[in-house]
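Below, subunit A partners subunit B and then partners subunit C, in two separate complexes.
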Partner chain A sequence: MRKYIARRLVLMVPTLFIFSLLVFGLLRVLPGDVAEKMLIDDSGAQTASKASLERLREKLGLNRPLYVQYLSWVGDTVRGDFGVSLLTGRSVIQDLKQRLPLTVQLALMSLIFSTCVGVPIGIISAVKQNSLLDYGLRFFSIFFLAAPGFWVALMVILAGAFWFGWVPTLGYNLLWQQPMANLSQLGVPALILGLSAMASKARYTRSSMLEVLREDYIRTARSKGLREQVVIVRHAMKNAMIPVLTVIGLQFGAIMGGSVILESIFGIPGMGTYLITAIRRSDYTVVQSVVVVFALMFMSTNLVIDLLYGWLDPRISYA
Partner chain B sequence: MKKFPFHRYRPYWLASILVPVLLFVLACGPGESPTPTPLATATSVPAATPTSAPLATATLTSPGPVATPTPTSVAAPIPTPTPGEQPKRGGTLNLVEGATPAHFDAYLGYSPGFQAFLGKQYSNLFINYVGEKVDCEICSEAGWRLEDGGKTMVFNIKPGIKFNTGKELTSADVAYSINMMMGNIDGIVSARVGWVKEYISSIETPGAYELRIKLVRPSAVVPKLLSTSFAIIVPQGTTRDDFKSGVTPKGSGPFILKQFIADASLTLERNPNYFKPGLPYLDKVVWTIAADTNTQWAAFYTHKQEYKFQMEEPVDQYLAQLFKLRDDGKIKYISIPGVAGYFGVWMVGSKPPFNDLRVRQAVNLGVDRVAFGQGTFGDRAVPQLLMFLSGEDYGTPADKIWNVVPGWGTGAKKQQELEQAKKLLADAGFPNGMDIAQFSSTATNVGYAAGSQLLQSQLKQVGIRTTLDIAKTGGTDFANRLAALDYLIQNYIFYRITGDPDEALGQYMITGASRNATGYSNKAVDKLYTLMSSETDPVKRKQLFFQAQDIILNDLWYAPAQNHNGYITFWPNLGGIDQIGLSPAFGSGTARGDRLWFK
Partner chain C sequence: MIGPRALNQASVTAAMGQRVARFGGGLARFVRTQPLGTFGLVVCILVIVVGLIGPWIDRYEPDLATPADRLQGPNATHWFGTDHLGRDLYSRIVAGARISVYVAFFSIGIGTTAGYLVGIFSAYIGGKTDLVIQRFIDAMQAFPAILTALIIVSALGAGLDKVIIAIAFSLMASAVRISRGVVLSVKENVYVDASRVIGASPLRIMLRHILPNAMAPYLILASVALGGAILTEASLSFLGLGVPPPAASWGGELSGNASSFMLSNPWMAIFPGVAIMVVVLGFNLFGDALRDVWDPRLRGR
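Let's look at the complex of A and B:
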């Protein structure tokens, strides 16, 4: 097991290296840079002279050769220094420390919600296959699978404002500092973010359960006289959960990505808002760092999920 | 199959339902105020040559004189509340903005929200409040005066004005600040007000409280430029590092930054040492951040913010509800002259096919101003020539535009104009029309995208079939291509900052002007501009402007279109909001916020 984990961790290094090259390269391919964003307005007015632009570029270190910029960034990142934002001059690591808790909390809340609701729905649907309840739950799942999160979010905001005089709590509220404000701020977006994840989990759980319930060993378990809940929970559910677990792992990444839009809509100062703002402003150091952090989180989550397979199915070994 | 005993797992099912319900209930519960976090501190300190006879055009004149700034011996203005209303002190002004500023450098900034934040922490040499003339903000009772036939501006700075660092504001600080705008300190010229350098020949500081600004020629626009919230006064020795995001601005304005949380909130508190007696009225100004426009309007609709400045209409979903609130007298609107919007259709007249006046005339006649205005701005569309809307000082009356200016025909007259356009194209050698590229920005604001598509469909009516050539980016690539005249035709938007004819001609129309994105050049216009720019008699100045405008409209490198007014929407419990500066987005009077108060 330890060897497997070590191997996976070592494999992350070349993946991250290729990833960092891609992110760095792609950002440079995009037209415009921070200096231009600072000196040229939306009307496209070339109010800034070329000399002013060059001065600013020099000051920001954008005139250095690309390989120097890349090596400098990678070197600093390896040492745990993500540098400073080109635009704000603030330390990226400090910004990440400020924002990461909110995004991770949002992702976890929606993951918990979607799992707590989605898996039971899938099981009920499978156990009650082709019943009225099954049809109802399937409709419910498909509806939220089809409804885009940003649209649901906008509807919630509109309905909240017009009918209930409600708007989401804005500002920066950490769970351990302002728990009520924090939950008030993150609750609704977590629900919305979790809806489509919940729906897909319900669908996966249902089909996986149906497959498992038709297996010979389930028939054997029943013929042994085991109680139905034992058959479902101990024998069927555990095996049916393996593909669902894969989905949960993948969804964590999707939820982190999906949070970008919902953070904007609900005014949550998390990683998503940070990334979007940085992309708009061509703030290279911030975009590179955030994307690498996202990649690391995604890879780590998938490693954990892979390890969980072994726990769920003893036949899977990591020797 | 045995029946599954759901009842045995009741706690699990219940928890599955209760957890999300609980989350939802909590989410809808009351919020708490965020705990302030410590602030960061500063660590350091070719001539247009018509190829055919032009169509019949009209010489347009405008009624009434234009107000130009004149020196005064009166010090900074004292608040003048509306009769029957006495301003009260105290209260927190809550606002919602789309983002926290990426940097606190007013000289490099250009967005209205940004200036509203920074403008509250600084003072200017000049200030403009609505209904009052542009005046010196930091002058003593002796005020300011013009010498040398209007070519020297002499200021008497009020002693005792202090920056929030405790340092006294002197003439050296003002001189340093203007030099910084002009790029004389570190080579970086202010994007918005850097063009003041075209007027200033030197700045002298004979004494700590005396400032002399020598001009190239007498100018009415300099006070207006220095009254925008881009022209703030900073202490001498300020560097770009002092403008980093989160670093408390060293200003002498009515408010001081107390808390900054990136992309979350900004809090300003009253400056106890503000030099204007009795001001500001408010204790605090708090911005919370919501990037989404829907959320911003939801916050306004639920009165979680007091006012919302928007150059365009609010998002459609809110229109009906806001109109209802307005009709019920619960909220108010103030219309603002066209700060931003369409300049009209721009053609690079030095390149074929637009080097032929007949083709430019065909374009001008092909644009249906009614449909164009309706399609982009709806009922708010206002006729406009050369960035001045009808009803403004330098605007041309609407009836004159609709009835006299070619291309502004309606109904049957428009049909005649379309036929005339086709004939002109045929005469110019395009009997079957033409296929060309139409340049467009990616910007989605002020109806840009809609305008591009409308222009495309209208040109098609006269046989000019265009393919949209979209800039790679709304800012950079668009700007670079404009500067290189790397396009043929486009609809252009602008952001006006002074509302002065010097800006319209000097920035967009004279030979080599910094925003002249058509390459237009006409010696007669250049000459009229020079005369107008240094003319101090408002009536003569206006006549000169209109003469230049007539020439530009005959040359037609630019075909005007309708523009629109913006709005400030506010809850009526807020007093002083109607004291909007000349240019609401950028006027220092608006940004300052020292006269805002709660009823």
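Let's look at the complex of A and C:
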């Protein structure tokens, strides 16, 4: 087991290396570097002289050869130094410390919500296949799979403002500082974020359950007189969950992507708003760091999921 | 007497007739067994047609701003009402259909196809090449697809063609994975060995023998991904990083300035969203039905 984890962690290195190359290469294609954007005056016109542009580029290290820039970025990042924002001059690691908790919390809350609601919906749907309830639940999940999260969010905000005089708060509290305020602030965005993940989990669980319910061992369990409840929970569910786990891992990526969009609607000062602002202003150091952090989060989630397989399915061993 | 040429033509016509009949029969069976998929198919056809003939069925210029008429609810002159600049929402929704369909089909056509071909190549050649390609795919998959599209579009700048490239690129990784898996099993068939024995080139084997036998998963993948591509375009445009204004992209309708006027005219927020949802729903239902029909493992469920 420990060996397996170690091997997986080692395998992450080449992946991250290629990933960093792709990201770096891509970002340097950006038209108009940050130096130009920093010297744009309020009217949006480029008034700075060539010389001052060059001076700024030199100060930011943008005039060095690309491979030197790449190597110094990788070297710094590995040592835990994420650099400073080219635009604000603030340390990226300080910014991340404030923003990461909000995004991780948002993602985890919607992951928990979507799993705790989506999986039971799928199971009920499969057990009562082709009943009215099944059709209703399937329609429900198809609906939320097609509705874009940002639009649902807009509708919720509109409806809240129209009928309840509710507006999403500005300014967010951290969980460990003001737990109640934090949960009530992040609750709605987390629910909306989890909707489409919930829908697709319900669909995968349903089809996986249906497959398992046709297996011989289910018939055996039934014919030896086990109560239906025991058959479903002890025999069917455990096996049906294995493919669903993969989906939960993949969903985490979609949730992260969705959180970037939802954060900007609700004005949550998390990683998403950080990334979008940095992209708009070509703030390379910030974009690079956020992207690497996202990739690390995504990869480690999938590692955890793979380890859970072994726990759910004793046939898989990672000796 | 019938010459060989005429006979040939007659048999070609007959064969074509058979094909048409087979297609018709397949379609009839599809409609009978897949009611939801048929609904999806109808929506797909409808939105494609609207996209094609848009300029003939809109009622105003989609970009024409008439400030005197701004922020109206649905009425007889403006069926879906007007936005904060006084532009006719119905005409903009119609124009948006064209953008959505255009982006979806081109990004799938480029991204999924390219990814699929790379997957075929990777699986058939195998060895070190396969290993290297797969490591690149690992790296690409280490990042959520929508964020990949976001980063690429920010690198390229906003624009219709750039959005297409960004979405296409973000779709490639999963297409490579799926086609690789399919081809690994297809290439074990005896006819692949047979054609290698008679001296067919690898390129010929890949294109003439493996590709046709890996076609069904490709079509399923492409049709399932269409809805996602439309959603991605809408999300990018919503963030202001997609199709730039004043183009009538459905996602763009909901973004930026527009959102501050939604309290005075909620219809501005409702119609574009409903349009996205119905179309994505249609493409998803059709894609799912296609998978049920073609994927033998799921048949009979």
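By our rule, the second predicted complex is superposed on the first by the 315 of 319 C-alpha atoms of A that agree within 3 Å, B and C clash if a C-alpha of one lies under 4 Å from a C-alpha of the other, contacts with A are read in each partner's own complex, and residues count from 1 in each chain.
We adopt the following convention: a contact is a pair of C-beta atoms (placed from the backbone, for glycine too) under 8 Å apart; a residue touches a chain by one contact, two chains touch by 3 or more.
This structure is a prediction, so every number in the text was calculated from the model and none was measured.
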item: Contacts of A:Y204 with subunit B and subunit C, given as first, second, both or neither; value: neither
item: First, second, both or neither for A:S264, with subunit B first and subunit C second; value: both
item: Which of subunit B and subunit C A:F162 touches, first, second, both or neither; value: both
item: First, second, both or neither for A:F294, with subunit B first and subunit C second; value: second
item: Partner chain in contact with A:L191 - subunit B first, subunit C second, else both or neither; value: first
item: Partner chain(s) touched by A:W151 [first = subunit B, second = subunit C, both, neither]; value: second
item: Contacts of A:F24 with subunit B and subunit C, given as first, second, both or neither; value: neither
item: Touched partner set for A:A181, first subunit B, second subunit C, both or neither; value: first
item: Partner, of subunit C and subunit B, that touches more residues belonging to subunit A; value: B
item: Touching partner for A:W73 - first (subunit B), second (subunit C), both, neither; value: neither
item: Set intersection of subunit A contacts, subunit C complex versus subunit B complex; value: 31, 154, 158, 161-162, 264, 276
item: Residues of subunit B defined as touching subunit A within the complex; value: 1-6, 8-9, 12-13, 15-17, 19-20, 23-24, 26-35, 37, 40, 96, 99, 102-103, 105, 108, 110, 183, 186-189, 191-192, 194-195, 240-241, 244-246, 261-265, 288-292, 294-295, 297-299, 301-302, 304, 317, 321, 340, 441, 443, 445, 471-480, 482-483, 492-495, 514-515, 517
item: Subunit A partner contacts - residues on subunit C that touch it in the complex; value: 135-136, 138-140, 142-147, 150-152, 154-157, 227, 231, 234-235, 238-239, 241, 251, 254, 259, 262-263, 266, 269-270, 272-273, 276-278, 280-281, 284-285, 298, 301
item: Partner subunit B, residues of subunit A touching it in the complex; value: 31-33, 36-49, 51-52, 55-56, 59, 85, 87-90, 95, 98-99, 109, 112-113, 116-117, 120, 124, 127-128, 154, 157-158, 160-162, 164-173, 177-178, 180-181, 183-188, 190-191, 194, 222, 227-229, 231-233, 264-267, 269, 273-274, 276-277, 281, 283
item: Sites on subunit A touched by subunit C in the complex; value: 14-16, 18-19, 22-23, 26-27, 29-31, 142-143, 145-148, 150-151, 154-155, 158, 161-162, 207, 210, 253-254, 256-258, 260-261, 264, 275-276, 279-280, 287, 291, 294-295, 298-299
